[in-house]
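You will see two complexes here that share chain A, one where it goes with chain B and one where it goes with chain C.
Coming up: the complex of A and B.
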């Protein structure tokens, strides 16, 4: 028996080791691929228009990316758990108007209060989504599509034909996005730290791993005793809260806020998340990948603008990258299955 | 032998490292479980002692799965007692059951494909370091040492996607070990394993037993029960029937206790007359899956395609029926070549396929029984282009009768039937088209003995009427009982052929498992 055990150990270790290496090599290749495309765009655009790499343009790209990467942080947590939050654009819009409008309504509003109002709006919307999905058992695609319209409707009711204009906003508010640290927008640094913390949380805490488990196999998650409803609810709550806070940042950056703020952002965020390697059906991906996805899409956007290419191409290219990301995932899956099966058929040689 | 009758107490005998009269680790007494009007468990009793492997057998619908689900905390009993280490217990959730030290290994384990093996094993119980952070190093090394002790060569850091069912079960077993499980429930663990993998599982089960774990082993294969288990409990119709040491009972006794009557497990008796070739497969190949497969099946003949799970049998059958594409070769029915990759053409040509996975491929589970039976014959039931529900009803009633289907209402969803009866519905669906070639993939997997005999009888009858039958089966007794000729596949190639008179289980196994091809 002993010798038999040893033999089987030796021979099958080789195959499983190969398989592990193969998978990790491909996944590393994939993140490398995103960077590759990024560098390609930056390089080509810089050759054509050297001012592309100018400080001001880079700051624009960074702040745009900051907004989307922050939204993507919350969205990733939701998507990893095999759900989707399509309401983030509307939440951002509502929060942006209501929070910045405080300055027009009241004297002596503290910046902290403005952020707390934005956060509060996000928490309420996130809780609504979370409840409908976990207690109402309605698929999140449907729930958040509905709340996308509902929240936008509320926004339009509140805003009416009005808008917040930049000169009603105090300097302290504008500085949220205009202040710099060593030439880099402070807000970007803060968000980068937040994303790092988010990634660390998702990797190193049970409640973070639970989200992956739920997305990977919801039934099995229940079987091992994961409080699936609570985890999914929290993911939506967090996504809402983040969207609310992002609304305040957005208002500070743009200064002019009407009822259309953040329209269509939800799809750009989902696109960034998927391009960044988060599986749309949950279970795998990271917030850092999603942030890179956001950086890539915003860089392309800016590059095309600098090159004077029509905005249509921007969307077409985003769509193309999305297809590429998804077919890459599918391709890897099929390829892995094939190689594993072939190895079995050929007896592991 | 002990027969349980209603109120009498259960025997307190259990072998436990020489000591007698110990209290069972787990005891169920007169447990009931109702789902609406369905009485899944009527009077279930079971005693499980530390250090024993205890078989639980019974036909499908006997209530074994319900019992397992109560142990796993997925269902709660309605009445009766459950004693865990002599304390009355109710598991209100899977977590309760896990925390008490009960590990359930399902026939097809439910892992997290995107997570690593170590994470799968330790999910929700990950070792932690400061600030409650997961200690990956500790987790991976702990899993490594468990695998080493089991003699298993899996990398804990490997993502679990692509693991075979046998490997997935090993992951579940490792999980049971990390739980320090006192009770390990194995629900039909061998159903999808190759002979070699079954041996490894048995070896591990015996190791666990030596460590004092109580193992509940559920299986339809009685030879496994006799080889592995110390005691056996039989259930029928949600009731406890008998429990005894395996050395005290015979196979006939068990079968009679399970079925409640005598069952004739005999082989086919009469020699059938064999006619012209109907199905002809030539040089069929799909790169990396199967290669150069040639054989033919004559009218009135039953041919078995045998081999280990994963040897390519089901893939060949899928290619013949057109649900898989092949790279080279041809499939002919009555000398007419079939278009590849077109199940519609295959059906037109008279091929019927009863697939392996009836839930996913053979039935529309939420649709009525009658509609499922008629599904493949809708064209013939139309009147003026509209489906006549009366014709459908009569048609399906006819077939239900022919196949001795057990049902309450033909309009109830198929999901309400037991596994064996579901299989009959799939058979009825295809038989009603009067096929020329019938392909049956694992016809009796997960089906109780009573229904198995009926399914076999049906296959014989069909062959007698001149249908060419191709059977894929992992169960060698079934292969030997059913077929006139046996083809053996190994690692994607056809490696041998036997006439039934020459075939023995040993010969087939030898051919199916030898690692290097001779030719």
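Coming up: the complex of A and C.
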């Protein structure tokens, strides 16, 4: 009796250890896989068109990626908790207009104030989403679909027929995205550091780990005492805040801002996150993977352009990649389950 | 009060979970359905009255035709979408299928293919696009939300590849008049006629045939439905194919209405269609909804949008209204749930007070779990 329990304990421990190893190996493999595709793409394009790796082109790719990777950072936290935030594009648009419009309305506006306004708008929108999802108990897909409309509508009402034009913006604002450090856009470096911090947070902080637990099994997470509502609310709050700040960066980069800023970004961000290996069902995936996903999608767009493939193919390829990513995701899941089951059977006999 | 709350099925392909609602909704589905539809009807009547007060043009035949035209394609797409949502899945690619079929019509017409052949090709392609969705969702077991976000981008991308930046607008008047005129002798647009015919067929099939009932069974519990002998995968695939064909048809009507074939025709309409379905009282978790609700929702949304357009309300800001209606339509059924949550919150406070006065923590934990299982009536347990 005693020995039996000992054995079963030992074997179960072994299986769970194996499972962890196997899972982590495969997830490492997956990020590596995306990275591999990225390298392959860059390599092939460079061989065909050497100017692809020119400084200017790389800077363009990096800044585009910066916007999407930043949005993907917030979106990852939400998706990991088995939710989705479709309102990021609208939040970005509202924040981009309102923050940059400060320069047209007031004489002396500090850069910090512009960022604070962007952040504030993001926080309000994020809190709205979070409250509706956690207190209202409405599925996040529906909530953020509705706020996507509502926030965009508010944006349209505020913008009216007007727009912000680049020459009304001061240099200090433009320099947010145009300044460089050793040939790399400074803003990209800052965002890379932020993503690093985000990855560290998700991996090592309790509130970050909780998001994975909630995403894997919300009911179990609640029963073991995780404050699921608060965690999910915070994820939405953070996603909104990030989208708000990204709006300011977007405004600085494009200079011309009307009420269509960021339209359709939500789907591109979700695509980047999913291509980057974050399971749409929550519970797995990493911030860094999502950032690489964003980089991959932007690189592909740019490569197609440089290769002279008409830009018409961009969207079709992005869609195809998204489908491929989720199919792969499913394949790995099924494979893992089978392996675990086989191991369990072997361990038990 | 001693019903045991079922834990919602965690692998059932939904982007979010909402504990406890499935049991609730299934229990009172019929009652709440009627309540929902009468509510919609009241809103509809109110908005018609409001509209006619706001503008003397509101009840003119010309305006009513405009109303029908503006909501026609969305209404048509919402019908099969409602069935898909009833089975607990979703299809976000509807507007992209519309756009792709619009592009295809333009492309074929540009290459001098006779319209009758072009239309049949478009409908067949629509079926194939739906089949692709269905196969990915049912055979590969992928979440429909993710799949159809993917095909949303993919199909729109293919539309762009087919037509590029071309705009085809030299359709013969005999076809474009279908898009803008009413059926001779009636004050009904062709798109609305299609919607009404489809709504009648769908209504009969959904509410009066075994097939229709199987949709609700799948939506409530697909494992149970499968054990009851319902071919879940085949049913879902059928629905996606149906959705593909009908969206392609909507694409043709859209093209004729604007007499323009363009790759980004109808982009973003998927959100309108989903809003319409949820406004109709179809549960996003599946298992609940009715075709009557869809019809009422179409009339209500069309009336409100049209009424606002007659005022100075900017058309681009219509999203505020659509989004607001969407939120209201998901919030109202959850009102009891939210109330219960507050009760639970209050109970937790009481529990904290008691733990301060020396009750053991383990007891409290048990009671808390019990209370959440009995619908938050924890105070009854304690007394």
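Everything that follows uses one rule, which is that the second predicted complex is superposed on the first by the 313 of 349 C-alpha atoms of A that agree within 3 Å, B and C clash if a C-alpha of one lies under 4 Å from a C-alpha of the other, contacts with A are read in each partner's own complex, and residues count from 1 in each chain.
Operating definition for what follows: a contact is a pair of C-beta atoms (placed from the backbone, for glycine too) under 8 Å apart; a residue touches a chain by one contact, two chains touch by 3 or more.
Values in this document were obtained by computation on a predicted structure and should not be read as measured data.
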Message = On the A-aligned overlay, A:136 touches which partner chain: chain B = first, chain C = second, or both, or neither?
response = second
Ask   = Regarding the shared-chain residue A:205, is it in contact with chain B (first), chain C (second), both, or neither?
value = first
Task = Check whether A:110 is in contact with chain B, with chain C, with both or with neither, and answer first, second, both or neither.
result = neither
Message = In the overlaid three-chain picture, which partner chain does A:307 touch, first (chain B) or second (chain C), both, or neither?
response = neither
Message = I'd like to know which partner A:219 touches here: chain B for first, chain C for second, both or neither.
response = both
Message = So in the superposed three-chain picture, is A:283 touching just chain B, just chain C, both, or none of them (first/second/both/neither)?
response = first
Task = Please work out whether A:83 is in contact with chain B alone, chain C alone, both, or neither, and reply first, second, both or neither.
result = second
Task = Please indicate which partner A:153 is in contact with in the superposed arrangement: first for chain B, second for chain C, both, or neither.
result = second
Query = Across the two complexes, what residues of chain A are contacted by chain B and by chain C?
reply = 217, 219, 222-223
Request  = Mind listing the chain A positions that touch chain B in their complex?
outcome  = 1, 5, 8-13, 16-17, 19-20, 23, 203-206, 209-210, 212-213, 215-217, 219-226, 279, 283-284, 336-338, 340-342, 344-347
Remark   = Note: in the complex, chain B contacts chain A through residues 72, 74, 93-95, 98, 110-115, 119, 123-124, 126, 128, 132-134, 151-155, 157-159, 161-162, 164, 203, 288-290, 310, 312, 491-492, 515
Key: Residues on chain C engaged by chain A in the complex (per definition of touch)   = 7, 10, 14-19, 21, 90, 136, 140-143, 145-147, 149-158, 160-161, 164-165, 267-268, 271, 274-275, 278, 284-285, 314, 316-324, 326-327, 330-331, 334, 337-338, 341, 369
Message = Under the stated contact criterion, what part of chain A meets chain C in this complex?
response = 82-84, 132-133, 135-143, 145-150, 152-154, 156-157, 160, 217-219, 222-223, 259, 264, 267, 270-271, 274, 280-281, 310, 312-320, 322-323, 326-327, 330
